[in-house]
Each structure stands twice: as structure tokens, then as C-alpha cells.
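Both complexes below contain subunit A, partnered by subunit B and then by subunit C.
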Partner chain A sequence: MVNIQQLHFGYRKKKVFTGLSLQLQPGHIYGLLGKNGTGKSTLLRNIAGLLFPDQGSIDVMGFTPGKRQPAFLQEVFMVPEEFYLPNIPLQAMVSNLSPFYPRFNQQQFDTYIREFEIPVENKLESMSYGQKKKVLISFGLACNTSVLLMDEPTNGLDIMSKSQFRKVMAGAIDENKCVIISTHQVKDLENLIDRITIIDEGDILFDQTIDAISRKLSFRISFDQEEVKRALYSESSLRGNAIITSNTDGEESKIDLELLYKAIVTNRQPIHSAFNS
Partner chain B sequence: MQFRESQAIYLQIADYVCEKILLKEWKPEERVPSVRELAVQLEVNPNTVMRTFEFLQQQEIIYNQRGIGYFVSPNALQQAVQYRKAEFTEKDLPNLFRNMYLLGMIPEDLKPWYEKYKQQHFA
Partner chain C sequence: MNQVFDTSRFGLLVRKHWGDNRGKYLLSLGAIASLLLLWYGFLNIIETRSAMQEDGQIVTYYVGLFITGSLYASLLFSDLANKPKAINFLAVPAAQLEKVLVMILYSVFIFFVCYTVIFYLVDFLMVKLNNAIRLASWEDQFHEAQEVFTPREVANVFYRGVSDGTGPHFDPLAMAFTLFFGVQGAYALGSIYFPAYSFIKTTIALLLLALLYVLVIAKVLYPILPQGYFDDGLTSFYPYGINDPNSEKLVEVPGWVGQVVFGFFRYVLAPAFWVITYFRLKEKEV
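And now, the complex of A and B:
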């Protein structure tokens, strides 16, 4: 559905991507992880057609995003991290913007707004950052575009809203939709994402499904010093050593995304060798 | 639902379903919640719930009626007991035994505690 080949992109002086390739399929929620300033938002903006590649190609459902053809734009929605909403009532915003998205569903939108407990009578500017964000998330989901891009969607959401966000997302994904979420808040989305893509230094460091990860790797707490020494990655914690090892006994453990992320960013070789063995 | 640290999420959801069946909240031949309903309720990816359902089908605890949904198998109770017993003996018991051994306890010591627990929770 999204096919990125040899993407090169840079802002004036700073090179961001030097030959990045990535394929994304419908029916999945992709988690895009990476340090600050590694190009997660830049990648989303390239996919949305808001930025243009210097070299290489991006194909989204047969369209080149940079051409910004209406037929493409009605299939993509992006919830950016920073955004501006005009100072008009909620319903005015919806009636102004929804005609651009043929599969927009008002009933669905109203349900999300209700679940997020957003005061409908208020003008947008009188809402808090979190409320505005929830308006945008609700609208984005109700547009039912094939591709939905979300940049740090849980930033600014309170504890209850994060839980509502997960419920809403779990109900919104289907086999025709491709959702890409960039995030630092791994814990917020741990059970929602079914494929992890980690980017760093302009390239893909790691790209695996949750299924493959739990088949190949084992996450656990260990007190055995020998085992800790042999682990692919280890970190001491209050409860003992949190370790990642190869999954040898076929038993699947709960993935600790934060630990996996640290392992990949500090030294990815041992993890990769576990996937290739 | 609060997920534990150790086990894969899809297996924890399988335990959740088994518990509903063992407590007879979900009865044989009754329809179980759809993949989507369960995903929303538990705040997890529907693909994960799909995996749970495939697993429970292999264990003959639920079955699929094409186009309608998933149902509790006629012999789900026996199957669920069998599956959970195997899991319990393999995974939970070693921990319990280790603690009992360290504390110098024998199985008979557990009996009053077990009776008290049953009284408190399932009387």
C-alpha cells in the first residue's frame, strides 16, 4: 500500500534520509520509533505529500504523494504533532472539511467525540491542547481514509483519554486501512501496534512484526548471572535483570518494547543475528 | 484487564476467555464477543485477538461458524480445564513448590488456606 524506495531527503544543510526503503501493508498498525530528530515526522510528511523527496520514490496506492492529486489526498489523513485549528465551532469545522473525504462518517465522528467527552458547543480556540488533539484524532478516524498517519497522538492526552484512544484505535483498524503512528510513548501503545519500525540516522534499524519478535526473542527477568552474561541485551532493575535472549523453547513472552528499543539503539547486531538464525 | 509482565498478550487473552468459560459466564454453544468487540474492550490490536481465537480453535475451546462468528464449543469446559491444568502445572506450580521448599512447607499445610480461600471467594 505504501512503498518507499531509496528515499533521499534533506533540509537545507541537514541530510535526513540517505536511501531509506520501507513497505507498508493494509490491515496493520505500524509503530514508528526513533530518537528525537531522526526523521519520524519528516517521513510521515513525505508519505502525506507535504514534503518532496530529493531522490528515490514514494508510492501510496499507485499515487505519487508529491503530486498531491485530489484522488490521493482524499485517501490520506495526517494528525500532526503541532497543528492549528481555526476559531470556529466544531460543527463548522466538520462541515468545512468533511466534503474533501468521500468516506467521512458523521455518526462515527459523533461517537468518537462523545467517547472523548469533548464539549461540542465550544469554539475550537477555547479548547485545551488535549481536547483539540482529540477533535483532530476523531475527525481523522471518521474520514475513513486508507492511510492514516499520526504523529505522537498520545502526547497531551490525559490518562483516561489514552485508554479511550486505544479503544477507539482498536475498533477503527480494518483490513483495508494502514495506520502509521510515530511515538516515544511506547507504553501507551504497546498492545496496539502490530509491527515495529525503528529508524535512526536516516535509515531503518529494525522492522519486524510483533509475531516475529515474540517467536524469535524472549523477554524476562533473570537472577542468574551466567544467563545475564549470555543475554543479547540486559539491564539491571529493582526486580533483577531484565534480559532479552533468543527464544529457544518456543514459549512466547510478553514483549517489552522499551527494552527492545534500547537494545536496538545501543547495539543491534546481537538482536539481528537472533532473527537471522 | 490488567496484563501481566511475563506471558505473550494473545495467551493472556486466551486465559481470560478460558476463565469466562470455567466460571460458566460463557456457556457452551453461546456466541463469544467478536474480535473487534474484544479488541476494543481490552485495548489491543484486533490481529492479536484474532491470534487468540485461532489458538482457542486449535484447543477446541471455541469454534467458528463462517459469516456468523465464534461460539463456545460443546465440550469447552473439559477442554479449557485440560488446557489450563497443563499450563498451571508447568508454569505456576514450580514457583509455588520452590517457595514451599524454601519455607519448609508440605502440601498438607496448604489445606486450611485453600479452604479459607474457597470460603472467601466462591462460597
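And now, the complex of A and C:
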């Protein structure tokens, strides 16, 4: 669905990608993790056709995003980190924009708006940042585009809204959609994404499905110093030592995304060796 | 589905643009009406007798048209300077051509029609008001004994033929009118080229072009020609001492050259700016 080959991209002074390749399939929610400024948003904007690769190619459902053809644009919806909504009533915004998306579903939109507890009678300008963001997320989901790109969607959302977001997202995915969520707040994506891609300095450090991670790695709290020493990654906490080990007994543990992310960013070699064994 | 232009998609885009900007546009038109009222009110207060003459109305129309039209055009693509707004604009599933055409529709046609309607509404009111004020004070004003009161007329801002005795042959308003669309196209292009302070930067760019034009004439043309002066544009040059237009001219380029230059300003300049704008929009990255 999204095929990126040898992507080279840079801003005037800074190279962001030097040969990045990535394939994304429908039916998944991809979590694009990475520190601030590592190229997550740049990658999303390249996929959305808002930036053009210097070299290499991006293919989204047979389209070249940079051409920004209408048939491509109606298959891709982006929820940017910094977004703009016109100062008009919510329903006016929906009736102005939704006809451009052939699979837009008003009923679905109303359901999401209810779940997010958005006051529909309000003008968009009188809504808070978080409410506006939830409107955009609801709209993006209701458009039913094949590709949904979300850049830091949980930024600005309160605790309740983050939980609503996870609930709404979990119910919105189907086998025809590919959702790519970029974030540095890894906790927000727990139990939501089914594939994790970690990028840093324009390189893919880690790219695995949640199933593979569950099969190969074990996450737990340990008080055994020997076990901590043998762990692929460990971190002391008030509760003891949070560790990642190879999953040798086949029992699946709850994935601690934040711990995994730190393990990959600080020293990815032991984790990779667990997957290659 | 046509990926370059589709009428139903274009219709949706026209509707969306109006829906998103309705409030802003109505306020702007109100502001234009208020400014015209203020200006005419000011003229009527300081000099009622000479206010609202036809020439004054025409000058007011064109000065207002150029200023507001250029300002409006310089804001056309200002959204592209703002990242969130630029994403919102570029991500709408419509072709780039349709997006530029919507801008042309609103800035060239709808703006022009709305401005003209507002101008004539205000102008008509103020001409009537001026006539009423002047008539009321006619007896107190100095005038010849047999002089009768002549009411002012609403001016025709689109046609003012200059006669050489055989009938109107040249209409300076047609040139001003033509030039307006070129200038407006330049400001629209400037709004893409210059993300910040577009109006000021485009004005400076146009002034520099005008300066270049003057420099070419002063430093390139004049040194290679004998002492003399241009007449009737740049197509006829009269050396000093020959003032008779019927006499043999020393330098005269063929008439078609003048027509081509005039035709360029009239028919090519504005569309050329819009074509460049289209390609700039296609290249735009956020």
C-alpha cells in the first residue's frame, strides 16, 4: 500500500533521510516512534505529498504523492500536529469538506463526535485545542480513506481524551486501511498499534509487529540481580528493575513500549540479536 | 475521474471556498463600502461644489480598485506561508488547476463585480446627496445670473474616449482597466513567492521593474538616439526641431510593434502571471 524505496530527503542544512526504505500494508496500525526532530513528521509529509523526495521513490496505492492528484488526495487523510480549521460551525465544515471524500460516513462521524464528547453546536473557533483536534481525528476517521496519517495525535489531549482516542482508533481499523501514527509519547499507543517502527536520524532502528515482539521478548519486573545482568535491557525503578529478556518459555508478557523504545534507542544490538536467534 | 479538471469537483471547491471565507469576504466588502463613504464624505465636507465631479469619481474608482484589488490578491495564497493552513489547503482532494481557478474566480471576477457594484451603490448615493446639498445652497452660492443648476451625473468608469475631433479614438480607461488585471496577477504570484509581507515585497518588486524600465530608456535608448523625445508611446521618436507629426520621423518602429506591446499588457500579462502561479503552486512544499 505504501512503498518507500531509497528515500533521500533533506532540508537546506540538514539531511533527514539517506536511503530509507519501508513497506506498509493495509489492515495495520503502525506506530512510528522516535525522538523529536528525527524525521517522523517529515516522513508523514512525504507520504502525504506535502514534501517531495530528493531521491528515491514513494508509491502510495500506485500514486506518486508529490503529484497531489485528486484521486490520491481522497485516499489519504492527514491529521497534522499543527493543524488549521476554519472559523465556521462544525456542521458547516463537515458539509464543505466531506463531499471531497467519497467514502465519508456522517453516521460514523457523529458517533466519534459523541464518543469524544464534542459540543456540536459550537463554532470551531470557540473550541479548545484538544476539542478541535478531536474533531479533526473524527473527521479523518469518518472519511474512511485507505491511508490515515496521524502526527502526534495525542498531543494536547487530556488523560480522558487519550483513552477515548485509543478506544475510537481500535474500532476504526479494518483490513483495507493503513493507519500510521507518529508519536514520541509511546505510552499513548499501547494496546493500539500492531507494528512498531522506530526511526532515529533518518534510519529505521527497529521495525517489528507486536506479535513478533511478544513472541521474542519478555517484559517484566525483576529483583534478581543475576537476571538483571543477563537482561537485554534493564532499568531500575521504584518497583524494582524493569527488564527485557529473550522470551524463552513462550509465555507472552505485556509489552512495555516505553522500555522497548529506550532499549532500541540506547543500544539496539541485544534486541536485534533476540529477533535473529 | 479527470485528474486535471472536473466540473463537479470545481463546483465543490467554489462552494467550500465561499463557506470557509464568507465571513471574511463580507466584512471586507463592508470595509470597502465604508472607506468609499468616508472618502466621498470627506470630499463633500471640504468642498461641496467641486466634489463628485466625473473625473473625481473615475479616479476614486481606479485608485480604490488598484489598492483593494492588489491587497486582496496579495492575500490569496498567504495561507501557504502558514504551515497548518498550507496543509489544509494542499490536502483538499482537488486538482491544483482547480485550486488556482477558484482563486481566479474569486479574486478576478467576483471581487471585480462586487467592488464595482459597491462602488456604484456608494457613488450613486453620494452623487444624489451632493446634488441635494448643492441645490439647497444654490441661491446662496456665487453664480452667473442666467446660470442654471447642473446636477452631477454618475460617471461611466469604463469608457472615456478621448476625441481628436473625429470621434473617440483612444480610451485611457481601457488601458487602466487592462493594467489592473496584470497588476492583480502580479500580486497573486507575489503571494506565493513571498510568504511574509507579500504586499510590500511585491510592491517593491514592481517598483524595481518600473525603475528598470526607466533605466533602459534613459541609459540604453537615449544614448543611441539623437537628441529628441518619444511621442505616442515608445514607437515614435522625434528629434528636436521637428514638431510636425506629419513630417518625416527620424525613428519610427512599425505600428504592429506598439500593438503587440499593448496586446501583451492587455491579453498576455495577467494570464501569464496566473500560469506561473499555477506552476509555483504545483511545486509548493510544506
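By definition in this document, the second predicted complex is superposed on the first by the 277 of 277 C-alpha atoms of A that agree within 3 Å, B and C clash if a C-alpha of one lies under 4 Å from a C-alpha of the other, contacts with A are read in each partner's own complex, and residues count from 1 in each chain.
In the analysis below, a contact is a pair of C-beta atoms (placed from the backbone, for glycine too) under 8 Å apart; a residue touches a chain by one contact, two chains touch by 3 or more.
Since we're looking at a predicted model, the values are computed, not measured.
Contacts of A:70 after superposition on the shared chain: subunit C is touched, whereas subunit B is not. By the touch criterion defined above, A:28 reaches subunit B but does not reach subunit C.
More residues of subunit A are touched by C (comparison of subunit B with subunit C).
When the two structures are aligned on the shared chain, A:160 is found in touch with neither subunit B nor subunit C.
Touch criterion met: A:193 reaches subunit B, while subunit C stays clear of it. When the shared chain is aligned, subunit C comes close enough to touch A:84, but subunit B does not. Of the two partner chains placed by the overlay, only subunit B lies in contact with A:173; subunit C stays clear of it.
When the two structures are aligned on the shared chain, A:214 is found in touch with subunit B, with no touch to subunit C. In the superposition on chain A, contact is made by A:254 with subunit B only, not with subunit C.
Taken together, the two structures place no residue of subunit A in contact with subunit B in one case and with subunit C in the other.
Residue ranges on subunit A touching subunit B, taken from their complex, read 27-29, 163, 166-167, 170-171, 173, 191-194, 210-211, 214, 220-221, 252-255.
Subunit A meets subunit C in the complex at residues 45, 48-52, 68-71, 73-74, 76-78, 80, 82-88, 92, 95-97, 99-101.
Partner subunit A is touched in their complex by these residues of subunit C: 1, 3, 6, 9, 12, 15-16, 19-23, 82-88, 90-96, 282, 285-286. Subunit B contributes residues 3-12, 36, 39-48, 51 to its touches with subunit A in the complex.
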